[in-house]
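Two complexes come next, and they have one chain in common, subunit A, joined by subunit B in the first and subunit C in the second.
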Partner chain A sequence: MKETAYWTWFIIAGIVILVIAGLHMVVMHLPMFGVFNPESGAVTDWGNVAFRSQNQFLAFTYIILLGAVLYHGFYGLRTIVFELGPKKSFQDGFTVILWIVGLVLFGIGTYAAIAAKALETAL
Partner chain B sequence: MEKETEKANSITVYIRRFDPEKDSAPRQQQYTLQVEKGMTVLDGLHMIKQTQDPTINFRFSCRMGVCGSCGMMINGVPALSCNTQILDVTTTALTLAPLPNFKLIKDLVADLVPMFGVLKGLQLHIRRNDVEEMEKPTYEYYQTPHQLEEFLQFTYCIKCGCCMAACPTMATDREYPGPAPLAQAYRYNADSRDDARDARGDLVAASHGIFSCHYAGECSNVCPKGVDPARAIQLMKKDLVLSYFGLAKHKCAHLHKKPDKSTYKAKIEAPPHTV
Partner chain C sequence: MANKQFDNHLGIVGWLGGGRWGVERYLYILHRLTGLGLLLFLLMHIFASSVRMYGPESWGVAMAILKNPVFKLGEFCVFVIFAFHALNGIRLIFIELGLAVGRAEEPVYPYKSSLNNQRPLMVVAMVLVAILIVAGGYNTFFGSH
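Up next, the complex of A and B:
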């Protein structure tokens, strides 16, 4: 059941990446959809960057995207390493390490996404 | 014109040789063979063994694609030597080697015993929770043609090991059960008379189990019986995911009491005797 759960969420994470990374591409590369780029000019102009950083919807989607990318990538890495035929004890330890590293990176990324709201005061 | 095509064709046959008592590594030996239309690879091997080299080892039994004994690599593709005609494969050079992903016993003979061990471990028979009924059946398990279709094609597997030899996951992951056992696990899980889906699902979904399949699909391409193990594996994955979310709809077939012959009345009356 554990492997079924891992694999199921791996597939779900892949779908989430497809949707949210697609949204990211639209926001960053199709400025004609100006909802998230209200200032005139390039999407990398300071006004647009600050606006997006304060947008709670985008912050939420980026946190979800971060979690999905970390999970999807680390599951893939785990699969590749397991195919090399390591011992069961190594497999268990490697899984725990990936969970810890993934959660730490997720925590740092989440903090960055939330802390970006402070740009509001920097404006 | 007809005579021209049926004329004997001389080809070069390269056979992988290995004797564990003499050789430290497999080597390749070259033979020349006169091939006629209709000659199978197994016929060719018999010809070489009878006329050129009696020391060649290969396995065969039924000679008609039923027993699954004579699987080998024929020009780099796993196939049964008894139902592969030489001229369908080549007109110049034929390379024969044992099935990869198995331990090599001798020459073209691969050790299929580990595959049979995995098949046995997956409890590939109909199991029911009502053990008493299973041991001493008093009822019948009705199955509709549609329910039979769910798993029928997977029953054609002859356990020749060709799919196992073609599987890239088998080549890298020695603990992976392989396409044949997984397809057979699905065959019984899809059987409406079976009651052991959860137990079998736990076995195949273990670490290095069914989720290690990357869906290369080569197992289905090479199957000499037209079975589609890749499809079985994907369907089994789907069933496992649905079970994980509690959405699986499988129900075990109901028991139907055998009709009492004294009170049984046919739905359609037989026509009266004419003589």
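Up next, the complex of A and C:
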């Protein structure tokens, strides 16, 4: 039962990634739809980066994307490793390690999003 | 890590051969490899994009490094594997939900393979991948940004 729930979340995360990473592609690579890139230069120019960092909607969706992508990616890695047939004790330890690494990376990315939003130079 | 429980367990070597399962079996390997590739990219991407919290100077230094043409090529490769993984992933979700696999039938000899029913979905998905790759390549190498 628990494994089915893990798997269902993995598929839901895949769909969430499709939507939000799709949006991310449009924002970053099709600047003609320029609401999120008000300055005329490259999308990676500081003015545009600062503008996007200040945007509540983008900050929120990127944090959701970060969570979805870490969960989906690490669950996928876990499936691959488990399929190679390691012992139950290895499987349990590996799952715990993936949760810890995933949560730490989620913490770093979320902190960066919040810290960038708070930057004074961005205003 | 050979599994002694199952004597047909081939481990990583088993990834390479598609046997008689056809092209979908090779797409499964590609899905796996692209998934791992995306995960590797994601880890680098989290750290690179987090640099923005240190302000414009640090951001400028990071961007100067990423201007290198090697990274431009890398960016395109990430797009290619993303396009494949995303569309093949949608195909797999369809199939796992029992969509586009044809109706269930009595197993009467000569048996039909459900793979034949699934094939059009695979072709549509791969054509869309090809279109996205061409469009993405044009945008990456000839786009205005």
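Throughout what follows, the second predicted complex is superposed on the first by the 118 of 123 C-alpha atoms of A that agree within 3 Å, B and C clash if a C-alpha of one lies under 4 Å from a C-alpha of the other, contacts with A are read in each partner's own complex, and residues count from 1 in each chain.
The definition used in the following text is that a contact is a pair of C-beta atoms (placed from the backbone, for glycine too) under 8 Å apart; a residue touches a chain by one contact, two chains touch by 3 or more.
Remember, it's a predicted structure, so these values are computed and weren't measured experimentally.
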Exercise for the section: Have a look at where A:Leu58 lands relative to subunit B and subunit C in the superposition and call it first, second, both or neither. Expected result: neither
Completion exercise
Max touched-residue count on subunit A (subunit B vs subunit C) belongs to chain C
Practice task
Mind working out whether A:Leu66 is in touch with subunit B, subunit C, both or neither, as first, second, both or neither?
Solution key: second
Exercise for the section: State whether A:Gly85 touches subunit B only (first), subunit C only (second), both chains, or neither. Expected result: both
Problem - Touched partner set for A:Val49, first subunit B, second subunit C, both or neither - result: second
Practice task
Could you look at A:Ala21 and tell me whether it touches subunit B, subunit C, both or neither (first, second, both, neither)?
Solution key: second
Exercise for the section: Check whether A:Ala13 is in contact with subunit B, with subunit C, with both or with neither, and answer first, second, both or neither. Expected result: neither
Practice task
Show which residues of subunit A both subunit B and subunit C reach, each in its own complex.
Solution key: 11, 84-85
Completion exercise
Given the complex, residues on subunit C that touch subunit A span 1-3, 5-6, 9, 11-12, 32, 35-36, 38-39, 42-43, 46-47, 49-50, 52-53, 55-56, 59-60, 63, 66, 82, 86, 89-90, 93, 96, 136, 139-140, 143-145
Fill in the blank from the handout: Contacts from subunit A onto subunit C in the complex sit at residues 11, 14-15, 17-18, 21, 29-31, 42-44, 46, 49-50, 53, 66, 69-70, 73-74, 76-77, 80, 84-86, 105, 108-109, 111-112, 115-116, 119, 121
Handout entry: subunit B residues within the subunit A interface of the complex
Key = 169, 172-175, 201-202, 205-209, 211-212, 237, 240-241, 243-245
Practice task
Provide the residue numbers of subunit A that touch subunit B in the complex, in ascending order.
Solution key: 1, 3-8, 11, 79, 82-85, 88, 91
